Amino acid sequence: MHRPGLPSILAVIALAAVLPAVWRSGADVQAEILIWATYALGYNLLLGCTGLPSFGHGAFVGLGGYACGLAQQKLGAGLIGSLAAAVAAAALLAGLCAVLLAGRRGIYYSLLTIAIGQVCWFTAQHWHGLTGGEGGLQGLVRPPLDLGVAGIALADNRAFAWLCAGIFVVVLLGLWRLIASPFGMALQAVKQNELRAQFIGYPVALLKSASLVISAAIAGLAGGLLALKDHSAYPNVMDLHQSGQVVMMVLVGGGLVHFLGPVIGAVVYFGARDLLGGATEHWLLWYGLLFMAVVLFKPEGIGGLLRPTQTPPPEPLPGSPTPLPEAGRS
Amino acid sequence: MSDLIPYLLQGLATGLLYALMALGFMLIVGVMQVINLAHGALFALGAYVAVLGVLPRDADEVAPGLGLWAVAVLVAPLAAAGAGAVLELGMRRTYGKDALYGLLFTFGAAIVIEEGIRLVWQSAGYGVLPPAAVGGAFTVGGVRYLLYQFVAAGVAGAAIVLLWLFIERTRTGALIKAGAHDAEMVRALGVDLGRLRLLVFALGCGLAGLAGVIMAPLRGLRPHMGADVVIPAFVIIVLGGVGSFRGSVVAGLLVGVVESVAGRYVTAWSQLAMYLLLIAVVVWRPRGLSGRISVLER
Amino acid sequence: MSAALMTVAAVHKRFGRRVVLEEIDLAFPEGSVTGIIGPNGAGKTTCFNVLTGRFRPDRGSITFAGEDITGCSPRAIAGRGIARSFQQMNLFDDFSALDNVRLAVPSIRRRPFDAWGAVAGDASATGKAQAVLARVGLSGKEHVGAKHLAYGDRRALEIAVALAAEPRLLFLDEPCAGLGTAGIARLSALVASLKGAITLVIIEHDLRFLFAFADQVAVIHWGQVIARGTPAELRADPWARAGALGDAVESVPEAAP
């Protein structure tokens, strides 16, 4: 995965910071984009970085939303507390899932995550006592951000968008740092050649589990923010189609090959929703076709266009043979 | 114990319909190593095109005649097969690449097809009555059964038998079986692999469409209806073992019974039983009841 | 010769009903070079796979530096200082040559959950990686993506990744495969430089290359060691000549002193 340099990251941060300031309308949409960009970045740690295709990540988002809401309503938690509950709940669920998912990859991994996602969705739909069933949790408030010396009210949408921007920046920087670390490089190694990573001595199973837990924690955080944004938490975010949305976003944006792909994907998705959605109620059909075209013709997505051209190799040594097909088994 | 019998019977009837659906899914997985996430959407498409395209507007109040229904039952698989053929042609670019791309492509197709259904026929659900001739009910042992449920199972059963005959007794069927085992070998025999794949994919999708139209009077029509049947299909093919015809039928019956019986004890949670069954199977016996390695592990 | 760094005793391995390794007895003295030869399908790579932990032997034991490592995972075995290269190259194709090697450097490999430190900024690890690349002849190509390297360079990188782990025992699986004379010359220089410092076990078909370095050679055929000895002894051994090597043995010139 291409890791952009600091200037690109600073540019994205600047955009995230400046946008709520200059673009004074649509703070609700801005918050939504920032939250989904955060979610997508976390998701891509699992897909683009580690190579594990989860189709059930909506379960973590949904659980985060419920945990945040319940912490607030049943435990009287403030902002930090309810968001922390969201992160913890999602991370815990991911830890359990990691046990089920151990040793799987590819299609089996996807199938299992679909099933887990559906189980969570179903549970949320029917466990009225806890989740409010189809009606969801209602009446969530946005507790003020308590900085010790002062409290910042978040009831105003713009203030809330600033909070989302702040969290987005923290996650962006954290993940940007992470993919250059031994842990991040190890995850990418596991994606490219799990066998070799094992033989070099990396704890592949633990690495995959850690990747799942971190990406789920970020999804849970996003879920908590979404619940606060909408003042409610619903089960439908756990549905397969919703879980698939983040997959589509990340792919179109180029998350498979570029660190910023998920962010680009989120912007494109919501841009499409606003632009196309203005023209037709069925904009998802056109976005879906776009997605299919990307899968077919340009799986590296938009991010693939932004990578620097690969360093051309120097001239081969004189006398080097032309490549032979790999030798047979011995 | 005997009060379970109605659930067992209904479970078996539903199971045959699930088996029909799963067989189409399994053909595609087995021969092409593609998980067709659009299978549910094609199930829905077949139902919608047939019911809302062929049957009269008031079919939810006035039972259509057998003749019209027969046409509908023919149109549904054809429509689904047609859409499937288009999909397969589009999907060719993903062959040879990571299987994930095929999965993503069919996922996108599922969304596009479902949105397309919403575009043409709106998002509201529709009901439809079975043919007048078989729309009644009968009572056995103090329990009232819907006649159509068993007629539907019978039609599904007949389709399964025809499919079996096709695969076991025709040359094309033999090629399909061979292709599931070794695509390279089939190509080496001079068979046009592209046409075979197109046929198999269209056939698999056609079976989904057929299941859709047959189940329509039982479950109604909703744009999202496909999602409810994709999971049972997964469970069935994993449980029955990919590539095993008999396994799919047996697993289909088993799943139908499990869902029905689970529904007797905790009504709303019969669907949950399905998902939990899938998790249990994939975690503990991913090779199905037979224990043979499937293409999913390659 | 010095004491055996690794001993393999009566190792037996089967897959289903097929026995692939039978009564394998081997000893690799410290600092020596052992060659493993035999026809394709004889079980040589399977032997490597068992010795490096990919498969667990059904019977027998493997001892390394006095400790029993039978059945240890590849990760545990790597941790003890055993590394291997692969016959079918297993590289990280999206990484540069430098990143490929740096991943295997012990100081990086030992902290897989360090999510904060920057690998590229680690001067000591980078220095070691660059040194290994220089050793295999890839200086100047550090930032080339592994998938863009020429075949001979990929082969060199394959070995570099194994070397970077600073192993005590290094398994090389057909390192000469597909290389031309220049590549083999590079490889010979490398093996010569490693000899004595690291214990080497090399599977090879290129006998001229192998016999120049090997202190001892084992012939594996039908999953068994059918002959063993120094290169000179093998040239005289009827089993080695008739069974595994055929007339190829005769054509290998005496090793230059």
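Per-chain residue numbering starts at 1, and chain names A, B and C are given in the order in which the chains are listed.
Criterion: a residue touches a chain if its C-beta (ideal position, glycine included) is under 8 Å from a C-beta of that chain, and two chains touch if they have at least 3 such contacts.
What you see is a predicted model, and the numbers here were worked out from it, not measured in a lab.
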{"item": "Chain whose mean Cα position lies farthest from chain C", "value": "B"}
{"item": "Centre-most chain, if every chain is reduced to its averaged C-alpha atoms", "value": "A"}
{"item": "Pair with more cross-chain C-beta pairs in contact, given A-B and A-C", "value": "A-C"}
{"item": "For chain B paired with chain C, centre-to-centre distance based on mean C-alpha positions, whole Å", "value": "51"}
{"item": "Distance between chain centroids, defined by C-alpha means - chain A, chain B (Å)", "value": "32"}
{"item": "Centre distance in Å when chain A and chain C are each reduced to the mean of their C-alpha atoms", "value": "41"}
{"item": "Multi-partner residues of chain A (each touching 2 or more other chains)", "value": "none"}
{"item": "Chain C-facing residues of chain A, complex", "value": "1, 177-178, 180-186, 188-189, 192-193, 195-204, 206-207, 210, 310-314, 316-324, 326-330"}
{"item": "Residue ranges of chain C in contact with chain A within the complex", "value": "38-42, 44-45, 52, 54, 73-75, 78-79, 83-84, 86-96, 99, 102-104, 108-109, 111-120, 140-141, 143-145, 148-153, 161, 165, 173-174, 177-183, 203, 205"}
{"item": "Of all residues in chain A, those that touch chain B in their complex", "value": "53, 55, 100, 104, 106-108, 110-112, 114-116, 118-119, 122-123, 126, 239-241, 244, 247-248, 251, 282, 284-285, 288-289, 291-292, 295-297, 299"}
{"item": "Chain A-touching residues of chain B, taken from the complex the two chains share", "value": "35, 90-91, 93-94, 97-101, 103-105, 107-109, 111-112, 114-116, 118-119, 227, 231, 234, 238, 268-269, 271-272, 275-276, 278-279, 282-283, 286, 296-297"}
